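Consider the two complexes below, in which chain A is the common component and chain B and chain C are the respective partners.
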Partner chain A sequence: MTKRVVIVEDEPNIIEAINFILSRDGWDVTVHANGETAVAAVRTARPDVILLDVMLPGRSGYDILKDLRADPDFAALPVLMLTARGQKKDRELADSLGVTRFMTKPFSNAELLAALGEIAAGA
Partner chain B sequence: MTSNVLISVSLVYVAFLFLVAFGADKWAHAGRGAWLRSPIVYTLSLSIYCTAWTFYGAVGYAARSGLEFVTIYLGPTLVMVGWWWILRKLVRIGRAQRITSVADLISSRYGKSNLLGVIVTVLAVIGTTPYIALQLQSVTLSLAVFGAEGSGAGLVTADAPATALWVAAGLAVFTVMFGTRNLDVNERHHGVVTAIAVEAVVKLVALLAVGIFVVWGLAGGPTDVARVIEASPISEWQLDSGRWVALTFLSAVAFLTLPRMFQVLVVENVDENQLATASWAFPLYLFLMSLFVVPIAAVGLARLPEGSNPDLFVLTLPLAEGRDGLAMLAFLGGFSSATSMVIVAAIALSTMVSNHIVMPLWLSLRQEGASVSGDVRNVVLIARRVSIAVVLAFGYLYYRFSGGGEALAAIGLISFAGIAQVLPAMLGGLFWRGATRVGAAVGLIAGFTIWAYALFLPSFGPALFSPEMMTHGPWGLGWLRPQALFGVEGMAPVVHALVWSMLVNAALFFLFSLVSFPTPLERLQGAQFVNVFEHSQARRGWARGAAEAEDLLIMAQRIMGGAQAQALFRAQAAEQGKSGYLPDTTPEFLERLERQLSGSVGAATAHAMVGQIVGGAAVSVEDLMAVADETQQMLEYSSQLEAKSEELARTARKLREANEKLTQLSIQKDAFLSQISHELRTPMTSIRAFSEILRDGALDGPAQHHYAGIIQDEAIRLTRLLDDLLDLSVLEAGQVTLNIQQAALGAVLDRAVASANSAGEGRVLDIRRDRAREDVTIETDTDRLAQVFINIIANARKYCDAAEPRLTIWVSKQKGGLVIDFVDNGSGIPAEAEAMVFEKFSRLTDQQKAGGAGLGLAISREIMNKLGGAIAYLPGQGGAAFRVTLPSPEG
Partner chain C sequence: MPASPLTGSRIRERRLARGTRQADLARAVGISPAYLNLIEHNRRRIGGKLIVDIARELGVEPTQLTEGAEDALMVALRDAAARSGEAGPGGAPELDRAEDFAGRFPGWAALVATQGRRIEALERLVETLSDRLAHDPHLAASLHEVLSAVTAIRSAASILTETRDIDPDWQARFLRNVGEESRRLSESAEGLVAWLDTGGDVAETPLSPVDELGAFVARADYHFPTLEAPGAGAREIGALLKGAEAPRDPGTAEMARAMLSRYHADARAMPAGAFTVSRAAVDGDPSRLAAAFDVPLDAVLRRMASLGGDAAGLVVCDGAGTLTLRKPVEGFVLPRFGGGCPLWPLYQALTRPAQPVAAVLEMPGRIPRRFRCRAVSLPLAGTGFDAPTVHGATMLIEPVEREVPGPLVEAGSTCRVCPRESCPARREPSILGARVPAAPRSDRDQ
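Moving on, here comes the complex of A and B:
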């Protein structure tokens, strides 16, 4: 069964890259670039996993994560967070908000696919 | 001559003295009678030193002990001539501190210690009572002489104690009438002093008259007298130098410390300059008083029958020759000597007793504290009157108790030695700031005890100290023999007691002063006493009222500051309908002044200060001024402290601010690093992802080309970011070297417009310029300036949201220098973002659209700072507007 992933990211080149990699791997990809409407988009899309950027126009990835975790439907939804700010406190904040996996940009494509596969399988 | 005649004459004389005293008081009260302040009156009043003991007794003394009597005159003479500087200081302090008695002097000096006041008072009463008894005895004796010589059974001889009682009562009445008529703040008694001056003249005239009668009437001239003296026992007298020195010293000390002498010397002194006259006039008076003592003694010894009392030669010689008139004069002289001494002594003692014993007791019994009202004044007056009566009653009782025997003759010196104990505390207090209350009390008590044990108590004879004890000491302790303490023998009792008491007194005073610490009030008083010449001028005479107001003004100025005090005084004067700065000292005014002052010095101090000046208590105006000065110094000091603490607070604030700034900088640095990380990692992410995709292969040609193009774009973006960062860091570090050159502003703008408006993709701006206005030569780093212009124009190109974007460049000369405004026709920068546009990494929209890292305006601001100009966002111009200011070339 095809797994669904929602990508919340605002950098067009990065979206293009991730979209290409995941689609090639057989994922059903939905892209959303705006932080403010991201939660609603997730609700509509009902993905198996979310790929969430931190620095977004409108709302930050942390705020979106907080909202998702507050909703019983998404409390256990696997979330992979991506950030270009690789500082320790960013990771700690994400952990405290209940992130499933945290990755720093740049990453290797294989790494991303493996991580996404693992958390979607509930590992 | 009957004793009735004698009594009548005495009564007339007393009535005359009453008149004199009454008149002088009236004159003084009316402000007339400048002669009352004459130095001659002052000098004559000092003559109370010469009591009946001197008037009659000197002759007896000479008849018994030769020239030793001279010491009694020598001591005061030496003080007047040689110790005038002590007297001057004493008088100055007495006036400055409004000292009322010798007890008050000691108490004041040592921090207003009432204990010391009581000790000195008791000492003075014990020391003076026998002396008063002596005066009563001499009056009684002299009356008895007349009784014996006259018609036989006069009423006087019949009952000597009754006579003494009458005399004592009469003196009490006189003293009460003139010594306590009013409570003068200065304790001055013009009436009494004038009466005493008259009496001084009477006794001098009487003694001189008797002397002249004896030398020229009886002996037939000085040569004859010399022969008589040669033949008399007086000529066989040998000088005992130790005794001579001791007695001279004793009478000198007594002259300073006797309560009655202190009263006339210091308390009654109205003008310090009187001392100058007295310093030669009083020794002259003493010289005249002593001139005929030896001739009278010698002639008396030669002419009068064996066994006649030499103490009465002054009377008995004229009587024996039938010169009743002269005898009467001599009697009046002796009477004057006795009464003047008793009156002044009673006044002095009553002041001490009421001030240091009765009033403190009364106040503590009332438990209400001191409220200075008429009520209290009455109590003081009654206390004075009762004290006078009690002092005279003591004198009378002592006279009765001692039996009026010849033992009294020695009492004079004993009394001197007792009161001399005050000397160490007095001189120490005047000249040594280190002297303390403890030292004074210990010295006084010790000296007084030794005096009582070694001299005073033995003088009562076997009734008190048995002969057994006198020769072997109490309980057989030889070293405690009253007249040979510590085994020192061979001295006359007076000298022995004097040496021991003064030595121990002075030593203990010194020692205990060194080891004890003075209270603050003691320190203050000590300074006031020792340095009296430094902060108190001789008091000028002034009329009350205006001077009071003036003193109040002076004091208020020192406390409140000149302008404020003057304003207050003027307003108050105006309220009273007066012009100028000196209002009447009405209760309302004083109350208001007090309230004002209490703001600066506290209510109690203000009340005391005003009260001291207006009410005239025992602290002088000068000393208040000193206190006020000190207060001001303290205020200054505290304002200095305030300034210092303000400075400290400022420094602390600066430190806190610096610290906050550092924290802020640290946060900014973290944010900056985080931001750079983001700016670098984001293009890297695309580059890595697409390069991996390309490496994986299996892509068609167009896709390959597209992905390679993305990699190229992101690499360029990275390079531009690094360039900007380096540029900014160089500018911020101040390491940039400017390439200053002259150029036309128009040319620089041309270059910038060409560079910004053509490079790269995107819309082209319609740029409007007025070239005529741009015809200005500037001298600056033109490359850097062009960089700023390019940045502004490129931003307009990126962000201007108008359908047909347009940028107007407008050059003008303003006061701040050359101004170049860039205004576009877009919607401008949102108000909330205006403050942020010059910060690093601030971008209005997303990164892709801006195409830069958000460092352009931050760099522009740094550049303009370096060029001495400025760049600012101009709000309210319709579109986005930036103003670049260049310093004007002229400077």
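Moving on, here comes the complex of A and C:
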């Protein structure tokens, strides 16, 4: 069965590349670029996994993650957080909010596909 | 009268200054020369009648021998010892012998205290700079830009090289994306390097007197309205030097006083109203303005900068090329340390004293920007037949809004942040690593 993923990211060229590789890998991809409406978009799309950037217009990825975890429907939803900020404190903050996996930019396409597959499978 | 640990040193200092022999002084106050020798080397504490007698013989007040700045020196020595942390190869500092050390070797003790204070100041500076690196919003935003661009390039490049049956349309899109992101990366990296080189906001964390003076000038945009008023003088200069924005370092304050005095002299010789009218009448020609106001050409360049708002920058350098005054102008990156690009007319002028030098400089960047720069080097006041001739140079920097006459020179800020690899004036490699790609002609014409 096709897995659904919502990409919450505001960099158009990164979106295009991730969209391309995930689509070719068989994922059903939905893209959302605005932090303020991201939670609503997730509720509509009902994805199997979320790719969530940290620095977004409107709201940060941390705020979005916090809201998702507060919602029983998404408390256990796998979330792969992408960020250019890879400091220890950023990882700790993401962990404290309940992130499933934390990946720093830049990453390879293969690493991204592998990580997404693993967290979607509950690994 | 309490005895001071360093009373003996002062007695010895005064005695030697008067040219009195130790034996003579000892005899005059009724003690043996050997005992006086012990006193002078702070091996014996004295007080009461003896110190009064010695003071009388030396022609000073007793308090001049018993009171001094040694308390501050002792505190500074103990601070230095406390900051030294772990004991060195020779063991921990002998705190109980600090007074003895200061008494016997006052010069060395003062040096230790000064070095201790200097180390403390440098540690604070390192802390401040580290803090800036960790929390500066500009730096964080620039690094985010760089990493985002690298991510997009890496991902697209990987798709292009690893996807065998990629559709030609997708291929074209990703090639375009790589091109766009490469340019963005270049811009971000260049901006980041320029920021690091200039220290970001020059008004923060001055590192030297010249740096602090530069921050003072930059905050005021090299315009001091109180010095423009008729009748302004020393009082207004003093008020500026006492203001919240004024340099705190005493040495820098003196440099600022000299700069403000020169500014005031310029303003008095070329009042703003008359200067503006004359400038329009001669189409901004500095040479004709110099003749009209009977002032040196460098004074006119300074005046054009001080009244030019954000459309005029200024740099002044000494004969060694070190920038001693900087008024920034947008797009023309001024180095924070040392000298700038050797191709600037500022430096050309140093080789041709008293001859005006002008050029249009094209500064590198995705969209190269041009600046009309006019410079002159003149002997500094105070030099003459009996002293080496010392020159300084002054350069006015104005963004070019239209075609202006004069040679076009591809210059830069400093070699470290300049991408012009084959420049004949290059003195060190660029940390940009590679040439910054120029934007298409349509972008450059915007």
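Things worth noting here:
By our rule, the second predicted complex is superposed on the first by the 123 of 123 C-alpha atoms of A that agree within 3 Å, B and C clash if a C-alpha of one lies under 4 Å from a C-alpha of the other, contacts with A are read in each partner's own complex, and residues count from 1 in each chain.
Operating definition for what follows: a contact is a pair of C-beta atoms (placed from the backbone, for glycine too) under 8 Å apart; a residue touches a chain by one contact, two chains touch by 3 or more.
Predicted model, so just to flag it, every value in this text is computed and none were measured.
Once the two complexes are overlaid on the shared chain, A:T44 sits clear of chain B and of chain C alike. Contacts of A:A84 after superposition on the shared chain: both chain B and chain C are touched. In the superposition on chain A, contact is made by A:P57 with chain B only, not with chain C. In the superposed model, A:S96 makes contact with neither chain B nor chain C.
When the two complexes are superposed on chain A, the residues of chain A that touch both chain B and chain C are 11, 13-14, 16-18, 20-21, 55, 84-85, 105-109.
Within the complex formed with chain C, the residues of chain A that make contact are 11, 13-14, 16-18, 20-21, 24, 55, 84-85, 105-110. Across the complex, chain C meets chain A through its residues 140, 143-144, 147-148, 150-152, 154-156, 158-159, 162-163, 170, 173-174, 177, 180-181.
Looking at the complex, you find that chain B touches chain A at residues 674, 677-690, 692-693, 696, 710, 713-714, 846-848. Chain contact summary for the complex, chain A toward chain B: residues 10-14, 16-18, 20-21, 55, 57, 84-87, 104-109.
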